[in-house]
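Here the structure comes first, spelled out in structure tokens, and everything after it is commentary.
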Amino acid sequence: MRILVANANTTEAITTLCAEAARGAAAPGTTIIPATPRFGPAVIATRLENAIAGHALLELLAGHAGQVDAAVLAVSHDTALEAARQLMPCPVVGMTEAACLTACMVGARFGLVTLGGVETYRELIGRHGLAARLAGLEGVAATPQDALRDPAAVEVLVLEGVGRLVAAGADAVVLGGAALAGMAARLAAPVPLLDGIACAVKLAEALVGLGLARPRAGSLAPAQGRVSTGLSPALARLLRGA
Amino acid sequence: MRILVANANTTEAITTLCAEAARGAAAPGTTIIPATPRFGPAVIATRLENAIAGHALLELLAGHAGQVDAAVLAVSHDTALEAARQLMPCPVVGMTEAACLTACMVGARFGLVTLGGVETYRELIGRHGLAARLAGLEGVAATPQDALRDPAAVEVLVLEGVGRLVAAGADAVVLGGAALAGMAARLAAPVPLLDGIACAVKLAEALVGLGLARPRAGSLAPAQGRVSTGLSPALARLLRGA
Amino acid sequence: MRILVANANTTEAITTLCAEAARGAAAPGTTIIPATPRFGPAVIATRLENAIAGHALLELLAGHAGQVDAAVLAVSHDTALEAARQLMPCPVVGMTEAACLTACMVGARFGLVTLGGVETYRELIGRHGLAARLAGLEGVAATPQDALRDPAAVEVLVLEGVGRLVAAGADAVVLGGAALAGMAARLAAPVPLLDGIACAVKLAEALVGLGLARPRAGSLAPAQGRVSTGLSPALARLLRGA
Amino acid sequence: MRILVANANTTEAITTLCAEAARGAAAPGTTIIPATPRFGPAVIATRLENAIAGHALLELLAGHAGQVDAAVLAVSHDTALEAARQLMPCPVVGMTEAACLTACMVGARFGLVTLGGVETYRELIGRHGLAARLAGLEGVAATPQDALRDPAAVEVLVLEGVGRLVAAGADAVVLGGAALAGMAARLAAPVPLLDGIACAVKLAEALVGLGLARPRAGSLAPAQGRVSTGLSPALARLLRGA
Amino acid sequence: MRILVANANTTEAITTLCAEAARGAAAPGTTIIPATPRFGPAVIATRLENAIAGHALLELLAGHAGQVDAAVLAVSHDTALEAARQLMPCPVVGMTEAACLTACMVGARFGLVTLGGVETYRELIGRHGLAARLAGLEGVAATPQDALRDPAAVEVLVLEGVGRLVAAGADAVVLGGAALAGMAARLAAPVPLLDGIACAVKLAEALVGLGLARPRAGSLAPAQGRVSTGLSPALARLLRGA
Amino acid sequence: MRILVANANTTEAITTLCAEAARGAAAPGTTIIPATPRFGPAVIATRLENAIAGHALLELLAGHAGQVDAAVLAVSHDTALEAARQLMPCPVVGMTEAACLTACMVGARFGLVTLGGVETYRELIGRHGLAARLAGLEGVAATPQDALRDPAAVEVLVLEGVGRLVAAGADAVVLGGAALAGMAARLAAPVPLLDGIACAVKLAEALVGLGLARPRAGSLAPAQGRVSTGLSPALARLLRGA
């Protein structure tokens, strides 16, 4: 099984980090294929960067359509997730989505720890329809760069956030942020910690195993005969549905 | 990997049907272990039967604790699901829960078709915190016995229900009811149809693969030193935490 | 009028405490009939115990069906409440349900103070559809045993919790927990304090007074012809609807 | 026990109808005291009339403060309910509120049948925080005048509405509208029908029985030292808190 | 364009303050017409006063019907807003409603700072259906009289509340309370501060510019042939629809 | 005042249609500046096209930053609205957002009629936090091309949809879809019909009139020092915050 791990920002170090976490979680027969967009923001920290990265990520995915069995979005904002599902002929899983859905299977309510602000994660969880399962959000005072450079220091802060979320009623905690990929396995916490990339890889494998047919109706049915201008050849072709 | 497929009613034919569907979905290295409770209702059709079956199912699970890698609840009401998670030292997945979470990964909103009344499914989806993802519920005029005896006739009714849900905005449809186990794979529908048992097996495999630690805090932490009277030895022992 | 006060755990001291609180609230012509289950957990502190106790409580209720005019569930988790309503030919009221509904009649938003963790109460109030009326939950660091042994010390902690809830916008406060039965009347608080048992007795009397017919349709219609194995004769008979 | 049954419109026939329904539901020792406002709309059919009637009803209540043990608002919009609770030194219950809370004790979800439009009832139930318990609303093509003049014809329409609500999942149905007071007891329906006046009288008796103290804090604490112009002497005095 | 700025309490100083704020926000061609009710509470601080003021405000508005192009309710509780919309032949905007809707256009979630208790504002925002956009509420320990007498001291407190709301995720903050009219423009805050009167004037101008027809159906259609007793001639006439 | 009317698809005819509707609604001193993206889908009908168009629209807006007083997004999906607000130094209003917020000021609940499927509008209104105000959605069996080619035929279908929404409780109806720009003014309906472009222009004028400061904190604060690759010079410069 071939799983594309598609970063949505242009920082190769993040792609590499996520690919490593993905390989650590993948089943024996699964091959991880990392990919980085051609254009867009170096890091996605705000709404503006996230909206731009959506196009970059879709172009990246389009270039792999038909060549992979599933795609994992290695971006904690689950950027352009529904659009990617409509685009691709294979299952697509977002890393935060995957961690939240997994959290729902190991706890009643879950929390989320991330680096920096929490508001866009609150919205994301609301968009996924999971607000009723959310016990709280904790933003740690550190940047993705800090996490890459001095992970031990960031781990201390993350564990403090986990503690506050457990006190607030969380039965499980999602680590949100591509820069935290792989960290959960190194931490000892009183409740399960969920790594977005690991969860996404396992859920992608599960979806491939189910072998569901692609929809012919509904809001995720493939585009047919849609005209466009100035897009990459692969993306334009998938819009045409040819 | 050993996955317990635990029915919550005492009808062996349902256990057998679910075990077959589970084997059809399981990965090569997965062994399916079917189990049926010692006491309780023959079929769970109402709130009263479901509440009684909770105890029967927990007793059944307790007898397998430590001998399986995961448990799938082969009962569409996800009976005693959270209690089962607290009880067992391994992942536990409910069949309707699994189908709904999987539906969230292949569509924006999903519907559910079941046999008979829909109100307890509406509540169940609400209890899972997924009401915002629900496009509608369709109750088909047939009994579990009908589905076992004349599946082809029931399949026609189910597909009509699927059609109405797609018109109401569903991108995917859950087939709810243990008696429908295995039916999804035989139907041709315009959107993905989700079989609870198949989804539960794949998600159980995914959870086993993640290897999450058992919680030491929160509402699912194992019982410790709890005293009881008149319960099965295995259940009483797990309540004591010995 | 005969009102059954049915404990769901096997601790007679809790049954006695609740029966006393019930007698203190009952109208002159009301007789309180205390009852304790034959099996199950000694105290219900977790999800697991609550699910097991559901069966124990339903068996207990079944043994009194037709001999009482109403039943009060003397367990703060409102264990198996809807199932009990389907089972019994008379009104059934849960003690926390009763306190919350009463709180809705004396305030805009209410709070709840309990002993220990609050998450299962949050879920319970959500299941009752009253989350929008909830101002907050306070868990006091004391056990039911503490409340029985040294009520004065626990009263101090409860009043502190009440104060925090009033500051958070509560117009009334529910005392949650069978072990707190009767405490509300002894405390002087700036807002009404609601005793679950007292509220349940008064609402049960009100329901008996209304003389509503039993449903013949809907999710609480009595079971008819349901087959079971290994249940108490009374419970099995009510499932058969004979 | 003296219970004020306070109409909010100026039509004496409605006051009389509600007083009769109240007497039919009251316990032996309860005296029903009917009252009609001095000014305001003849019938409350729209938002505008409801807002005006709030003042009229509060003036009416103020004139009975200290002379009754509880007040029932005999107006299906639960007009000025929270304000009335702040005003009066005794329990106050709204008739639709009472029917909805009672419905919550005899069913999982309830419906409401009324004469004419349903939107203000949808809002009212939302304001009471009970939207999650609402299965549906049915507006019958008849006026309050029709109900007073030819109740049998209206009963047929109401029963049809009840049937549709049961099909939509209602376990109980509220009859909304002061002009329907007393009708529920005459109808044979497959689920309990709830009469607002009867429910309000029983819940008012229950609240009086509980003997809760008046709040000294929160949003329903009595007014103190509030200055006003042009109000009735009783209302102005209660605002001053003298 | 003539915009009525209708206070709902009888304190002329508040009317004057709001009229000044309105003039500061109005477009060149807009004339502001201040008005104060004939009767009712001097200040609206509680539910009781708000309910009484509804009638007073509607009487006041009725007296200007047909003579103004729009009405702004200069009362932070948006008193009788929907009733006023049904009553008047022109657009009607509430000051807190206007500030909240404007906040939705300049931020993802907004907060609200007011003087004193916050619960009625929480309800108001819920009634407007905007609870999902609310980041938090802060009640400042000061009275409307303090704000009129020593605005500088109150401004310090308000800015502290704004800071807490920004930390809680607010992208914009509403200043709630007629006594705060005009204050927003004097404060330097890290996010936009919204003045209810200014927002209401601009939105009223926008609505006049749209020239929408009055509804002939729905819950805001004008009253027709409604009979009343003891109301002001203008109000009674508009109820009759003559 | 200069208002940019920015289309998000590349069809000039839609830009022209929206610009005409904008000019019809604009105040005397307002200049409408139409703009069409350089790349992207010809029409936005699906999630995939909408996600791609986000980047195209942001690039278009960036090119006008500092040269306009406000921007109206002439795309009924309110594409990249929050990102646009973060990007631009001036107010930004989405056309469907504007129509929904306006609908909130002229009715209790509103409906929406559009061409084709309704699910993405349901999500959009949910994302705006206005789901509680939504009475229903109606999808008319016609394409944007139909609306441009034979508006009269589409108007008949739209009015039928409006009728169904009024019956479902809508006090006002939004016409959703850039291809319907200008249609509302030509239709005679029993409730106000809201044209997205007209509403957006009036609300944009109102926001300009308020003169609110740009946020320095929160999720819409301007980007500072953000690095990117392969974006248009204007967009890259605004990300850098130079």
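The chains carry the letters A, B, C, D, E and F, assigned in the order they are written, with residues numbered from 1 in each.
Here is the rule we go by: a contact is a pair of C-beta atoms (placed from the backbone, for glycine too) under 8 Å apart; a residue touches a chain by one contact, two chains touch by 3 or more.
From a predicted model like this one, the values you see are computed outputs, not experimental measurements.
Touching chain C and chain E at once are the following chains: A, D.
Averaged C-alpha coordinates give centres for chain D and chain F that are 44 Å from one another. Centre to centre, using the average C-alpha position, chain A and chain D are separated by 52 Å. With centres taken as mean Cα positions, chain B sits 27 Å from chain A. Looking at chain B, one finds that residues 82, 108, 119, 132, 169, 218-220 touch two or more other chains. If you check each pair of chains against the touch rule, the ones that pass are A-B, A-C, A-E, A-F, B-C, B-D, B-F, C-D, C-E, D-E, D-F, E-F. Chain C makes touch with chain B in their complex at residues 10, 38-43, 45-52, 54-56, 58, 80, 82-83, 86-87, 117, 119-120, 127, 218-220, 223, 226-231, 235, 239.
Residue ranges on chain D touching chain F, taken from their complex, read 118-119, 122-123, 126.
Across the complex, chain B meets chain F through its residues 108-109, 132, 169. Residues 25, 27, 82, 85, 91, 93, 97, 101-102, 104-108, 128-133, 166, 169-172, 190-194, 198-199, 202-203, 205-207, 209-210, 212-213, 215-220 of chain A are the ones that touch chain B when the two sit in their complex.
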